[in-house]
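Below: one structure in structure tokens.
Each chain carries a letter (A, B and C) given by its place in the written order, and its residues are counted from 1.
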Amino acid sequence: MNIGVLTVSDRASRGEYEDKSGPAIVATLREFLSCEWSPVVRVVPDERPLIEAALIELCAACGLVVTTGGTGPAPRDVTPEATAAVCDRLMPGFGEAMRAVSLKSVPTAILSRQTAGLRGTSLVINLPGKPAAIRECLLAVFPAVPYCLDLIGGPYLTTHDTVVKAFRPKA
Amino acid sequence: MNIGVLTVSDRASRGEYEDKSGPAIVATLREFLSCEWSPVVRVVPDERPLIEAALIELCAACGLVVTTGGTGPAPRDVTPEATAAVCDRLMPGFGEAMRAVSLKSVPTAILSRQTAGLRGTSLVINLPGKPAAIRECLLAVFPAVPYCLDLIGGPYLTTHDTVVKAFRPKA
Amino acid sequence: MNIGVLTVSDRASRGEYEDKSGPAIVATLREFLSCEWSPVVRVVPDERPLIEAALIELCAACGLVVTTGGTGPAPRDVTPEATAAVCDRLMPGFGEAMRAVSLKSVPTAILSRQTAGLRGTSLVINLPGKPAAIRECLLAVFPAVPYCLDLIGGPYLTTHDTVVKAFRPKA
């Protein structure tokens, strides 16, 4: 089972800066998941065509694709637009829930434009760029992720219930 | 006064499954409303053109149209897309409020893509498919529904205030 | 430094009604801001082309543009549509946060369709029409506004910290 991890960052993609956000996602998912899985990692600059191409490639190989970076208001922040462009349908509840939980920590949480969406049988989730916010946001939405993948025909995820408990409603 | 109740379900529309959600909406509205009204009930499969046609027909006859089903992430869930397509303007606060209240019960509430919108002088509200969630969501938004209908030129609704209290701000 | 204040109201634009909302925004911003600034005030009717033209003009001169009126469900309420049309990117967290705080006061807060967005180096924020709700909504989002303007290349705002504290995360 593959999980895509896409870092969107001009500096990281040029090698001027060590990508800490992608590894933070991988570390958090290792902590959360009890099933076998492999990360498929990509780093691209804040360019819509390159973000869209990376999302399309990752969705072809992965039932879950998580991005980091490019969700703020800065002129080059276009990850939500790239996500919306490649997804068939959007999942507004993810962005709402992640902003609501971040808002308990910092008032600038409302500046995050992060979203989530479905492309075929894959779920794409935008996360913030900062490693501290990544775990907080994943923790807020992850209990719903395994059931979402069940519903869209994605892979079957299991979690370490003491860390984050996957919720699967009875039919 | 007519209120449209649209059940969106492949199985219910083929008669393989008894529709419990449409009747749950009718029962909840009977409990809420103190004015005279008649339900106009339709059942359609999860097909965008058929959902859109039913919404258009119901909005022509009803100031309020409530849907159930087809709001999740499953491939055939397209009720929010059909709703957005037939509405002139969307009402994002309804989906936010319904997801926020459902999130207190189940973490998978973020998977609901339910929305609401205006088509001419009618208000369309998407509700979840599960009867238990229907009452919870209607209870969360209904205090604002009568005033919304006042503002769009719809019918004048009155409620049983001990169950749900319609709020009409003074001008 | 200029801040645009746009009142959207049929009656106020015809002079049938004294505009109290625009002055309420100016008074609230005077209370919040410790830096020098000048309001650029406009009043237009609830007509999309006129709202869009005023937003375009104000964004050319102002790093921050605040609107009041036209965000409800009434047929002539089209301020959010005009805002979305002139903005390059939307900021969904503003509308969510303002509706969430208003919902603590009145259940009809879910009827507000207010949004926010970016046009070049300007931030546009829709506020409600009622003076009492204006201060409440501005107070909810203003801690994030100065940092947002920093990120988009707008003017540097400072606040009276005892009234509202601008939050600027460390890089």
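Please note the rule applied: contacts are C-beta pairs under 8 Å (C-beta built on N, C-alpha and C of every residue); 3 or more make two chains touch, one makes a residue touch a chain.
What you are looking at is a predicted structure, and each value in this text was computed from that prediction instead of being measured.
> Tell me the shape of the graph of touching chains, choosing from line, ring, star, complete and other.
Its topology is that of a complete graph.
> Give a one-word verdict, same or different, on whether subunit A and subunit C use largely identical residue numbers at their interface, taking over half shared as same.
Since fewer than half of the residue numbers are used by both chains, the interface counts as different.
> Using only Cα atoms, superpose subunit B on subunit C and state the rotation angle in degrees, rounded to the nearest 5.
Superposing subunit B on subunit C takes a rotation of 120 degrees, nearest 5.
> How many angstrom between the C-alpha centroids of subunit C and subunit A?
Here the centre of subunit C sits 31 Å away from the centre of subunit A.
> Specify, in ascending order, the residues of subunit B that touch 2 or more different other chains.
92, 96, 100
> Under the definition above, what is the set of subunit B residues touching subunit A in their complex?
Touching subunit A: residues 72-75, 77-78, 80-81, 92, 95-96, 99-100, 103, 106-113, 115 of subunit B.
> Along subunit A, where are the residues that touch subunit B in the complex?
Of all residues in subunit A, those touching subunit B are 89-94, 96-97, 100, 118, 121, 123, 141, 143-144, 147-148, 151-153, 167, 169.
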